[in-house]
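Okay, structure first, notes after.
Lettered A, B and C in written order, each chain numbered from 1.
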Amino acid sequence: MISVKKVNNKPLNLLEKIYLWEIARGLSVTIRHFFANLFNPGNILTVPYPEKTIPLPGNARFRTRHRLKVRSDGSPKCVACFMCQTACPAYCIRIEAAEYTENTVEKYPAVFDIDLSRCVMCGMCVEACPEDAIAMDTEELTGGALNRGELLMTKDGLLRNLPGEPSRKGAANRLANEYLKSRGEE
Amino acid sequence: MMEFFEANKDILLFTGAAAVKALAFLGAVMGFTALMTLAERKVSALMQDRVGPNRASVFGFAFNGLFQPIADAIKMILKEDFVPGRAEKLLFTLAPFFALVPVLALFAVIPFGDYVMVYGYQLELQIADLPLGLFFVLALSGLAIYGVFLGGWASKNNFALLGGLRGAAQMVSYEVVLGLTLVGLMMIYGSASLQDMVRAQGRLLFGFIPAWGVVCQPFAFILFLIASTAENKRTPFDLVEGESEIIGYFMEYSSMRFAAFMFAEFIEIVLISMLIATLFFGGWQVPYLYETGFMFPGGAELPLNHYLVSAMQVGSFTVKTVFFCWFSLIVRWTLPRFRFDQMMSLCWKALLPLALLNILLTGAAMTFLGKL
Amino acid sequence: MPTLTIDGKPVEVEKGTSILEAAQKLGVYIPRYCYHPKLSVSGNCRMCLVEVEKAPKLLTACSTEAAEGMVVRTVSDKVKAARRDVLEYLLINHPLDCPICDQAGECGLQNYYMDYSLAKSRFKNEDKVRRQKRRALGPHLVLDNERCILCTRCVRFCAEVTKTAELEVMGRGDHSHIDMKEGKALDNGYSLNIADICPVGAWTSRDFRFKQRVWFLKKTPTICLGCATGCLIEAHHNENTIYRTVPLPNPETNTWLCDHGRLAYKAVQGGDRLVKGVIKNGLIDFEPALREVAARIDEARGAGAVAVLGSPWLSIEDNAALARLAKDALKTENYCFDFASEQGIKDGILINKDPSPNANGLRLVKDAHGGISQAELSSRIAAGQIKVVLAEARAAGLIKDALKAAGTRLIVFAANKGEIPAATYATLPYASYFETPGTFVNYQGLRRRTTPPAEAPEGVKPLWAVVNKLAAYSGSSLRLDSAEDALKGIDLK
């Protein structure tokens, strides 16, 4: 059964039926914009990304480029549990795990790549992380690059702390925290 | 050899001059058209508070996108030249030429200036002054329909065929209006030669108003503007392409074949702007400027060099052309598309009667007021 | 034959059956940690508590014998509460380092918590008892005592299955933990089974450690080719890489799997794998190597000086293809599929006296295609009648003395570089049975077929396909388009 909706359009008056006056009104709007922008390009809102970016508003809760948090001894908080790789709907995360010889927490990512050209910025990796090790709060909007290679983030590029860190949350990080305490690095 | 040259001096000079003019004029038009493809995007961008293309650069110099047409051309050439398996190969190949050639040929009759004296030889600033130039215009623009229709039909694609059908119907319909609006002009200026019509527009009405077509035939101007936009298949009459619904007659075209269609459309914008300038805005005429210099209505005079006068006339024509090109772009990015039935009833039920009425009124006015 | 009622459904079981097994017969699953069908009943984890009418307390289903007229309830509120409490108890000191634990994804604690508990712990994270983590025990295992729930499956496995009894629960009460007895080493040849039976992440395999998360693994059932026992195994693999193999318990052959067989998959991938042909000692592409081999065979063929040797390490299909090559393409009598060897379980658990998996299958090939005996072949080689011998690498090792004495040119098929015997003239690679299907007959006469979990490296073909090509180079067609084509004429019974 097709539902029918009756639209009561206002009938056109004579001036509108002739079109010409209305067209002229429309043209006046566009022409006004044209000349305003021609002589005063500063008013154009377009930002020449990626060369220039605008600071995000302070209350913005955007998901921006990923980062890997760092412990106080400089090791990544990530323990290569693969939860982010499992949760990632875009298959853009690649991890290879390796083993510390002396650290209590045993496991760390030898390779941690995020292919930003594939990433859909959904934030599932952040949700999935049990160690509070990955975050999307660098306030860097990604996606602009002149070749694909620039969009492949490796572990070195991802490791970064923000002021007020390292945080000590996360299940396996309990072990790491104890280890750091035993070495007097807390 | 010399005897042959002496004997055929006039013809040789005429042919040589025509060739030089054709090359220079068409070269200028082509260059300008390339810029139009950029202008289309730049103008629309500015109207919509955007920047438009500004990335194409040579050695890091972008000049705000000036190299974009070159980049586009390179891209177009490098694209795969694809012919659908079931297409009519011959017609599919011919269609872009049918679209492009008539439009280019039309520039022959556009006068872009009065004349210049070169070594005592009077060089007309028009490639060919046909006595029936206006009919030549109508005839060749009728030929351009073939490009659209053959392209749509030879593709063997439903949507392309639909676009081609729409294009044929639309262009044939508006061709009629286009022709009829020009009848009034021919009546007033008493000639079908475009150069004669431009020269006639140099006269003054009541001693101070230039006798431009838009003054004598304001009604015809509006009708011509509408009909020519439709003839050019541009918004609001772009149902032939209808990007959002049927893509259009060039759906199966790629690479330079598609570029030919697109280029033809932009050349047509230039052509129509030139025609409007020529027919309704005095062509190369500058108000009160005559062969010897300015002669203002109050009696003041300003004698000028002949070459300066010619330069000002060509400049005047250029400025008018550029203005109408710009206006065409503005209209393109302001108005939404008509529905097909709306467009057809606009043509046959509104524009055609009005064009006929215009002829009637012109005839009546000439009977009562006398010839111009 | 007592008849009891479990969750309202009557079931008749044999005398001596436990409630847990009776429930299993009905399809009622009772959670368990310490119970294992092939180990003695311990009854220490308390996870299998069920309510039995007229019993004052909940009873452990694994250690309570089913009796006539018993009425058992496995899903009553009391049972549910008991399970929740047992889990809370087991998790008090569990370190919750699932992110770094290899067991995560197949962990009894994780699964039962989701199924039966979902309760928040009432104990503070900081008060957990700390024990030694990450301790390498034996050649294959890592022990993490913090994760252990003391189900003693590992202790019982070592005591009852391998009878080596290396492990014991040390200390009492809060201090109890699994440890190795003094003077012992956990190298009993079956130690990796401990990682399998451990319901939590206390025992993990060093081989599999941190290689892959278990939820990424796809499972393909196939057979182990480590010896003539022919155990059923399950290969766990992802994206064409095999990460581990585990036993597929079955009544005919195996519940467990020996360490040797379990790690046999490693030969298929890694640096030792042969993916190109070898002429003398130089690697060369497969096609030129094949042409060279064909040329050498053609040289010797005219004088009838080519011999083909089958192999008990190859499937019936590939052996049959070799027999067809000798009989139909090379038209020689010098081919041998005679490999008699003593068979039978060597150590009382799984490992067979015969290290080759297919000696019985070879008998079928011999019945169908005939051939000379191994002694006859050796004597012909020693007599200098044979100029070129075509054989599988490990089988060639059996006649290497004769070959060496006569200086015969040896051409072998090998999957690994390590298998190639010394002084081999040419080697051709073939797809191993983790990469192509093959039929094998174990020491009991059970015919089993491998299912390939991975694909062969690029350019490496199954042996029957290599043989087919070799025959084509020698000027005759064997018409082998699939492994099944090679089986024609063989009575598989």
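The rule we apply is simple: a residue touches a chain if its C-beta (ideal position, glycine included) is under 8 Å from a C-beta of that chain, and two chains touch if they have at least 3 such contacts.
Since this is a predicted model, take the numbers as computed values, not measurements.
Contacts between chains trace an open chain of neighbours here, each touching only the next in line. Ranked by how far their CA centres sit from the centre of chain B, the chains are topped by C.
Among the chains in view, A has its Cα centre nearest the centre of the complete protein Cα set. Spacing of chain A relative to chain C, judged by their CA centroids, is 46 angstrom. With each centre defined as the average position of its C-alpha atoms, the distance from chain A to chain B rounds to 49 Å. Chain centres here are Cα averages; for chain B and chain C they lie 82 Å apart. Looking at the complex, you find that chain A touches chain C at residues 79-83, 86, 97-99, 104-107, 130-131, 170-172, 174-175.
By the touch criterion stated above, chain B contacts chain A in their complex at residues 43, 46-51, 54, 222, 330-331, 333-335. Residues 95-100, 104, 125, 133-134, 209-211, 213, 215-216 of chain C touch chain A in their complex. Across the interface of their complex, chain B is touched by residues 20, 23, 26-27, 29-31, 33-34, 37-38, 41, 43-46, 48 of chain A.
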